[in-house]
Amino acid sequence: MSNQQLTHIDETGAARMVDVGEKPHTERVALAESFIRMQPATLALILSGGHKKGDVLAVARVAGIMAAKKTWDLIPMCHPLLLTKVAVTLTPDEQNHGIHILAECRLSGQTGVEMEALTAASVAALTLYDMCKAVDRGMVIEYTRLLEKHGGKTGSWVR
Amino acid sequence: MSNQQLTHIDETGAARMVDVGEKPHTERVALAESFIRMQPATLALILSGGHKKGDVLAVARVAGIMAAKKTWDLIPMCHPLLLTKVAVTLTPDEQNHGIHILAECRLSGQTGVEMEALTAASVAALTLYDMCKAVDRGMVIEYTRLLEKHGGKTGSWVR
Amino acid sequence: MSNQQLTHIDETGAARMVDVGEKPHTERVALAESFIRMQPATLALILSGGHKKGDVLAVARVAGIMAAKKTWDLIPMCHPLLLTKVAVTLTPDEQNHGIHILAECRLSGQTGVEMEALTAASVAALTLYDMCKAVDRGMVIEYTRLLEKHGGKTGSWVR
Amino acid sequence: MSNQQLTHIDETGAARMVDVGEKPHTERVALAESFIRMQPATLALILSGGHKKGDVLAVARVAGIMAAKKTWDLIPMCHPLLLTKVAVTLTPDEQNHGIHILAECRLSGQTGVEMEALTAASVAALTLYDMCKAVDRGMVIEYTRLLEKHGGKTGSWVR
Amino acid sequence: MSNQQLTHIDETGAARMVDVGEKPHTERVALAESFIRMQPATLALILSGGHKKGDVLAVARVAGIMAAKKTWDLIPMCHPLLLTKVAVTLTPDEQNHGIHILAECRLSGQTGVEMEALTAASVAALTLYDMCKAVDRGMVIEYTRLLEKHGGKTGSWVR
Amino acid sequence: MSNQQLTHIDETGAARMVDVGEKPHTERVALAESFIRMQPATLALILSGGHKKGDVLAVARVAGIMAAKKTWDLIPMCHPLLLTKVAVTLTPDEQNHGIHILAECRLSGQTGVEMEALTAASVAALTLYDMCKAVDRGMVIEYTRLLEKHGGKTGSWVR
């Protein structure tokens, strides 16, 4: 692999926001996931209240959506872009004692939206940690990873 | 466990930024860690260039530090606070094919800095993903978790 | 009315940033207004100084324009967009003891700019409150509302 | 009233962020309210779904809380400050066809939190507008105003 | 000079936000200046309109004040802090064909406010460039520098 | 020159974000430069450490790139836009005792990117000041200016 394969690094080793001006505008979509493991009692606490506890999941969902829009301001070499869709789905998993987070981002543009989906999933997970840390400081965000992406020169990628 | 144990949720189930006005000002410190696993060739690419590649790690370090300062704007119920120290240490782990991230945050104040340390570690990991994704889209952030925290009413917690 | 009419809520009741990727790019414009009522003496104070007091209105105008650009970061389900024009007009109304705010936003894109115009008007009004609150804490922002919008699938709407 | 009573304007008419360095640190609290009027059918739509619609109110609540923390970045002459509490309460009012918003902010510091409470109420109202505008573009934010504030040199003020 | 004198760089050469937790809280003040040179006709254009042109200077003043509050978000290793005063003074200099900018920042805290004053002066100068660039693209920001600072362990420094 | 030549000021003297909706989408590029002069010993300190000191330049580079993306939020009348490339090149100049900063911004759009390039250069220079101020408070940013711009109705401009 040559030096140039790290596209954000130029031939002198300096970071740059790579030029995407020549790339075509195509439909882009990315799906990312994260999982936060917790004590069974913590999960029960989130779920037991029924709609009264709805805000825990709602707050994490909103945080993930808003974070996707801030990705360009968090990840130094990310391009600003115009997301046309962001959805964050939170699924309690009682068997594995945790909450699964799925983030989907879409746009039509010159750059992919993998970072936006990964950022949405990460921040939703961090928000769940924040909402529950008073009762369970040992929660772990067990993985954050890209599931699939479509569009752009490199086409589709599926884990 | 009672409803009240989720401190960010009031008795009606609504989210709120909990009142910390009565809490004492104490020295707070938190350490969090994250690990991003990648292809051996990807890690070699980051490390092979010597100082020329230094920017990959430097960019991730800067991104993590800057993200710690934005935590209040990312995590909805987090309080604004005045961090007195943020350090992000990146350690390549050739045996496990990845980079280990350690984030430390400190302040003297009324709220803990666990979320700041976790956010710094997460965003540093996401930045590494962004810098290398052109060559290795399958990288996984394998865990993000609190290592220890000190200060405040609940005192010390060590994993 | 069906559940689906609240476009930012999906069929499970969860909030999402709705997909606008299929919408055509059209010219969009929105006008919104707000009115802040104050003591006659407060209004006189703003107006009496002639150009020396010009900064009160200038600061509110700048604040409204800058806020329009931040709408995507304030309103959780708003899409990021590329405003091509923002203008905020402040008109003292000595008869009704207040200042009328008119905000106009424009772009060519896939989403409307109603929220941007409403946000500009609201923040300009809040800024006037801030500039004058030391002499008149009882000021009231009496209304904030859309006046008209044009463009997009639903076409024109005029109050 | 003299020129100097507009504290954010200096003797030449120029805006400035006034020096609060000499002010004592005191407990501050402010309550602000806003009311958004809508079609009865719109309110019914928000309320009919039971917990499934909970996200409309939850998103507005989160938006208000997050906006309070951004007040220093929205209102040009506001000081940065460390809010210790933000709560936003949304109460559907079926008689008056709308939703009442109550925002409470607290801190111990050198400046009041009136602007933070007013900003929280305004942005929560704007978010409700955004969530429902597809079915009811004519909604009006009928008033936004301070209800009471306590602390600081001027002490308590109650509408 | 030893390696350690660059306080933001640790012994391994890595950047960090240095720990100021042990520093005493003292009164801090910093003054910075900048000068933007332009065509005589450009300066005349700004000044000729009397109060009607007041907005050029007012917008630059507001931009400088708001930028001071964002310094922590612009300069990676800067600490967040609570400015108690920001003032930006713009003085047209017809002899030297330009506008002189003086920025003053104050707080009581553990870190100095030099960067805040320099950032305020820089952004005010950039804003003047933006407001006038359509008629004079060759304007030059001729210098930006610290004039004096007081407070903290190193005490006073005057150019 | 007529009043209208200051495009961000309307016929009443009020600031506005000028309408660019009618402008064509063209390729835009801008180059700006800045120079920060320092003590010879300060420059030696930055350069002496070899790769270990690499972070000083890397942090300034990252700060400049990130600031370019925030230009719309710093300069009140700037339009939001979608930068396709940002590069910041730092060149130590031992003869003149300082570091030269060159910033390049590109996009295809309706507005030029001069302000983005100037902002990137300014913030990179400010960051160098911040990293070295503990050893050399007298550093001066000696000039910040546009070098060239291409694209748009006014075509090319070269200093």
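Order of writing sets the chain letters: A, B, C, D, E and F. Residues in each chain are counted from 1.
Rule of thumb we're sticking to: a contact is a pair of C-beta atoms (placed from the backbone, for glycine too) under 8 Å apart; a residue touches a chain by one contact, two chains touch by 3 or more.
Which chain is which protein? Per UniProt: A, B, C, D, E, F = Cyclic pyranopterin monophosphate synthase.
Given the structure is predicted, the values throughout are model-derived calculations rather than measurements.
Q: Using the touch definition up top, find the fewest steps from chain A to chain E.
A: 2
Q: If you apply the touch rule, which chains end up adjacent to both chain D and chain E?
A: For chain D paired with chain E, the chains in contact with each are B, C, in label order.
Q: Please determine the option from E-F, A-D or B-E whose contacts repeat those of D-E, over half of the contact pairs being identical by residue number.
A: B-E
Q: Find the geometric centre of each of chain B and chain F from their Cα atoms only, then give the gap between the two centres in Å, rounded to an integer.
A: Chain centres of chain B and chain F, defined by C-alpha means, are spaced 30 Å apart.
Q: Roughly how far is chain D from chain F, centre to centre by C-alpha average, rounded to an integer in Å?
A: 36
Q: Just how far, in Å, is the C-alpha centre of chain D from the one of chain C?
A: Result: the chain centres lie 15 Å from each other.
Q: Could you check chain B for residues that touch two or more other chains and list them?
A: Each of 14-15, 51, 54-55, 58-59, 61-63, 66, 70, 73, 76-77, 80-82 in chain B touches at least two other chains.
Q: What topology does the chain contact graph adopt: line, ring, star, complete, or other?
A: Topology of touching chains reads as other, fitting no named class.
Q: Return all touching chain pairs.
A: Listed in label order, the chain pairs in contact are A-B, A-C, A-D, A-F, B-D, B-E, B-F, C-D, C-E, C-F, D-E, E-F.
Q: Going by the contact rule at the top, pick out the chain D residues touching chain A in the complex.
A: 50-51, 54-55, 58-59, 61-63, 66
Q: For chain C, which residues are in contact with chain A within the complex?
A: 10, 14-21, 72-73, 76-77, 79-82, 109-110
Q: Across the complex, what residues on chain C touch chain D?
A: Where chain C meets chain D, its residues are 1, 3, 5-9, 12-15, 41, 44-46, 49, 51-56, 58-59, 62-63, 66-67, 70, 73-78, 114-115, 118-119, 122-123, 125-127, 129-135, 137-146, 149, 157, 159.
Q: Quick one: which bits of chain F touch chain A in the complex? Just the residue numbers, please.
A: 27, 58, 61-62, 65-66, 68-70, 80-89, 106-108
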